[in-house]
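As written, the chain order gives the labels A, B, C and D, with residue 1 at the start of each chain.
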Amino acid sequence: MAKPLNIGMIGYGFMGRAHSNAYCKVSNFFDLEYEPVLKAACARNEENIKAFADNWGYESVETDWRKLVARDDIDAVDICVPNNLHKEMAIECAKQGKAILCEKPIAMDVAEGEEMCKAVEDAGVANMVWYNYRRVPAVTMAKQLIDEGRLGRIFHYRANFLQDWTIADDLPQGGAALWRLDAAAAGSGVTGDLLAHCIDTAIWLNGGISDVTAMTETFIKERTHSLTGKKQPVLIDDACTFMCHFENGSLGLFESTRYARGHKALYTLEINGENASIKWDLHDLHRLEYFDHSDEGKMRGWRSIHVTDHGGEHPYMDKWWVPGLQIGYEHSFVHQVADFLAGYAQGEAVSPTFRDALETQRVCDAVLQSAESKQWENV
Amino acid sequence: MAKPLNIGMIGYGFMGRAHSNAYCKVSNFFDLEYEPVLKAACARNEENIKAFADNWGYESVETDWRKLVARDDIDAVDICVPNNLHKEMAIECAKQGKAILCEKPIAMDVAEGEEMCKAVEDAGVANMVWYNYRRVPAVTMAKQLIDEGRLGRIFHYRANFLQDWTIADDLPQGGAALWRLDAAAAGSGVTGDLLAHCIDTAIWLNGGISDVTAMTETFIKERTHSLTGKKQPVLIDDACTFMCHFENGSLGLFESTRYARGHKALYTLEINGENASIKWDLHDLHRLEYFDHSDEGKMRGWRSIHVTDHGGEHPYMDKWWVPGLQIGYEHSFVHQVADFLAGYAQGEAVSPTFRDALETQRVCDAVLQSAESKQWENV
Amino acid sequence: MAKPLNIGMIGYGFMGRAHSNAYCKVSNFFDLEYEPVLKAACARNEENIKAFADNWGYESVETDWRKLVARDDIDAVDICVPNNLHKEMAIECAKQGKAILCEKPIAMDVAEGEEMCKAVEDAGVANMVWYNYRRVPAVTMAKQLIDEGRLGRIFHYRANFLQDWTIADDLPQGGAALWRLDAAAAGSGVTGDLLAHCIDTAIWLNGGISDVTAMTETFIKERTHSLTGKKQPVLIDDACTFMCHFENGSLGLFESTRYARGHKALYTLEINGENASIKWDLHDLHRLEYFDHSDEGKMRGWRSIHVTDHGGEHPYMDKWWVPGLQIGYEHSFVHQVADFLAGYAQGEAVSPTFRDALETQRVCDAVLQSAESKQWENV
Amino acid sequence: MAKPLNIGMIGYGFMGRAHSNAYCKVSNFFDLEYEPVLKAACARNEENIKAFADNWGYESVETDWRKLVARDDIDAVDICVPNNLHKEMAIECAKQGKAILCEKPIAMDVAEGEEMCKAVEDAGVANMVWYNYRRVPAVTMAKQLIDEGRLGRIFHYRANFLQDWTIADDLPQGGAALWRLDAAAAGSGVTGDLLAHCIDTAIWLNGGISDVTAMTETFIKERTHSLTGKKQPVLIDDACTFMCHFENGSLGLFESTRYARGHKALYTLEINGENASIKWDLHDLHRLEYFDHSDEGKMRGWRSIHVTDHGGEHPYMDKWWVPGLQIGYEHSFVHQVADFLAGYAQGEAVSPTFRDALETQRVCDAVLQSAESKQWENV
């Protein structure tokens, strides 16, 4: 019998659902020493959090997050709230000796992130940040191929995250549903929301970033606030593009926007190495495109690998269905929970930890600073 | 609070897992009057079924399916066993007044299927067959587009289901794991296993099939039996192709094989109408390809619709994540359970019923007969 | 200096243009012993043929094809006229000792084709039929891969040729422009026009076809004749589908139609072998899709080979541009002329000869007969 | 009868072939007042230029370009030589009153380009630069769609040109074949060779560029010179990336490299507008991808338009074959010649003129300067 790991969830939005689903499913598909138990869910609005708890099977609710964190029957806290609340909660969780699973980006800025890292490291609690795309099987496989040395010297890394959901100029900003458009809650726009994902994966796959030069834009200058009904300036970045150097000498190119008509959530990445190249995109997340120069000359071509084999060869896929049958977005969270639980059982840190996420934050900060200074900035 | 619908599951193989997962998830994502409760799981091997029940949270186990069916606390039985066992179990379930969710194909042949239809209809029990692909959102959307009259007169329907997992001549046949290669258990090879899916969708989308001419082949003539270790003739069809006329005057072309190197589970369908055409394939199941001749001349092209919007526009997708984030194979079962539960609450039949599945069986029988007779056969 | 090969062209339609372009270009790109010289063009309508000759640089015109064929200064005759005229012209060319390049299909039926074969073989004249798709580099490469034994035992061959240009019921039939819809001129509909291409490539790649069963359909039963303005029955096949056995034991599936909305000229082929599979389609003719089971397990995927390298590795491509820059439809004719001229210089037959084309005709006849008899027919 | 336009060609390399082919073919497919006549070809090496002239049918050769330019029987000079020779030749041509078709980029830098513009404008001679990709039908169609206002306000423009042919570190530099790697002859590396194409199309489609910030890299620092055999520093840019603002307020992102393993000549562009988006790439140049937000909600998807219709709807395609049959790279040059001849007949400038190309040069210079200064630079 698996041992329980009692989860306390703070927040109940989109990510609250995605994480709860992962906690529910992981034990059906992964054989692990620990099993998550949905102990309590927390939010200020009691009615909302009760409905959420009822839907997902949380045993109890809290309306004060400090109470939740203080409870003896909670082993791990999942912080699923806007970015401006991460720091305070995480530090309190660390004080209380709880394991922490925190939404990304880790914080509003590097200074906050550093405090958080210090707190969890001093307390010695397990900690992880929800950069879930590392655990899409095709992305995990990309990491394996790189680690196996198949690509050789890397020349180029490029990634983008393109959406189109904020083009309408009558879309309001702020409030619970649209806090991502509110700089006070989100810290930044696409940089923290979307580019942070691209940067996390990039550092994981290709190592550290040394310097950046960036350009941001806010296309719609004013929006009505969803609560006050008043027109207010838009303070987040609608689009952000940056160029960079990686520590390994390769060049990086990153772009994110919510104004790319026709793209819903098009996170793409491509790595060009001396010997091989890799491409992936989130719209068909179960495929990895791979080009290998060591193939016989006339036979070279981009291979579309349907990452759905389940003989132990494709990461995580032995847990699911049969070859050819794809999984989806939500499974990346299941994999992350599975890995977290496995690490927890061994007392081992599971990446991305707070400290890993701090590196991403460092790049985000440099990007935003460069957009301001119009200079290259060191990370 | 949702009312419980107590499920008794017979079988614990691949489909047992897929269905169990659907029962577990449906209430997290769909707001329904009934909620499935995993009451009991049944199989002859006690150790295996206990492990299965433990993994999925079934409250109890049985090793005699008649006992399970007889239990008062079971409302619905899920028949997830080889095809040669469907008839006896389904008829017994009907006698006991249980709702039935039966794996496909409905039976070994039309005669069996007719008995089963009579039994459930006489008993007045809810009944459904697991032709799950109808509930892949892109396929459901194809049905909507056809019903909206967008295609006009239909000229062509083609579908195939291509796999490559039995090419190795040292693959054994028979036994629990490989009963699909055993004619005594499966009835037929690809015809009942794969083409049945294609036929079910085809009838749903394009109406009845009137006559067929078919060709089957068994490429590997003998295989070792996985239990006895003896070489035995292979009695199933490794490949089956047929042409047909639909009642609406369109032409049909169907192919299935387990010898198409490079294709894992490539179920594809295409419909060509006077005004528009539709394509879909299971390897990228979240996309629907659509060509509309009423588009302005120079702007015509196949549209790749990423069926992931969730404003109520794309079938089922309002229940899941956000636009651009794909779901997978397993979700088709969740949708089928959701629809079944909704129909159950209203006392309404949910398609595909046993009778719907009997129509598919009728085509399968005609196909196998034509392959034998080398003649056109009426359905 | 290259030696001249004086060409006499009969016809000036679509194919007359395609062949003339090939004669004009071949010497710019291929280094050959012979160079085509556009000596004379022939058609009944003097004004039209003069305009055509002027445009392409033919030195003279004729309005009586027998005169053209009788001219001493003509070495080779290109027969670019409706199918019902091939036999008489080809036999006369043979009598006059001319080399013959004849449009496909070779004739109205096998009986005619046999007469033609006898004539050219008795006369010992060079002869070729314009099944041009063999010389699309990606298709030629498919042949190489098969000949190199990369596919192993073949299980399946499938091909289709889908168009949509005759869906409108007010499209007239007959006359110079629309003779392909006129059974008297064309012999058949899609069978001779489109399937013949598929069959020629199939026999070339996969060997002989032993028996067939076919289904044809004429969706629009009557059309106005473009010259008489009268409604007349449509006597050609609008669609034709057939299944077959190849002599090597593999199964074949072929479909052609002019009623597949959304497809302009979608000729596709796929071959599934024990070890590898190949796919190709005419809408992106410069790509070959290839799946190799001998690739390392987790790395297997369909490779999209951009057949544009020019280091002697991709067939014909060393003659054109640089890697990545695609050629088009018309180049297949240039390649065929180049091969014909090379063979001519050596006194060697160049495939597809009349006799090769007769094999395709034999399959076409069996297909049409089967559609009539509703039986399997031996080829 | 068409009037002759006597062409004098300087150079005989890859572009000499591409242009010669265009001159040869244009009159077969386009009905124009002027017809190019291949009057003379010129290069210092007499043997080479004779072979070239013989192959393409040039009536005569010269070994001194000044002689060619001075000939009375030459109407137009095609400058197909390394970039460092453009200025002197073009100015001399202008003096001699010749029309000029000059390879791109126009010059080594803006200063040279300005002299050239002044010369041709003072002399009033027809002038054009070979930015051929504007005349790929799908790209021309993109321009039409933008001019028709289908995209609305533009937010993003991105383009890249990725190759992989210089990755090997034993590739030499310099000499006739590899002058593109020689800074003295080429001026720059990928910036002038590849990005210049991207910039030309971008300005044409999206208007002027106001400022840029760029990053360049030379991955292989030393190469053997192909003539001297000595190791020498590589002075060109192997890769160049830049971000920019367009005058219309949209953001631009451009990348070019010869170190992107797996890409032969992958020129791609994408434009995101408020209402619609467009994508194109050179590896499948006959397709235009188009997303239209004004499509009915659930039906929205990227359309893959096969730009091969020939009823006057798809640019230039009425001149070629039938729908579905693609053309290739070389046809872009034929189209450019056709447009040049049509403009010449009317005495109208045909874009891109020298002055248009100077705008592109201005951006290239700013890009290279920014890479040096590590600052944003105004164009």
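For the reader, a short list of remarks on this structure follows.
Here is the rule we use: contacts are C-beta pairs under 8 Å (C-beta built on N, C-alpha and C of every residue); 3 or more make two chains touch, one makes a residue touch a chain.
All figures in this text were calculated on a predicted structure; none of them were measured in a lab.
Of all the chains, the one whose CA centre sits at the greatest distance from that of chain B is D. More C-beta pairs in contact connect the chains of A-D than those of the other pair, out of A-C and A-D.
Centre-to-centre separation of chain A and chain C, using mean CA positions: 55 Å. Rounded to whole angstrom, the centroid-to-centroid distance between chain A and chain D, based on C-alpha atoms, equals 42 Å. Across the assembly, chain A contributes residues 263, 300, 302, 306, 309 that each touch 2 or more other chains. Chain B contributes residues 14, 18, 20-21, 24-25, 27-28, 55-56, 163, 165, 263-266, 282-287, 306, 308-309, 320-331 to its touches with chain A in the complex.
Touching chain A in their complex are the following residues of chain C: 141, 288, 290, 292, 295, 297-306, 309, 311, 313-314. Residues 155-156, 158, 162, 164, 167, 213, 215, 217, 219, 239, 241-243, 245, 251, 253, 255, 257, 259-263, 272-277, 291, 293, 300, 302, 374-376 of chain A are the ones touching chain D in the complex.
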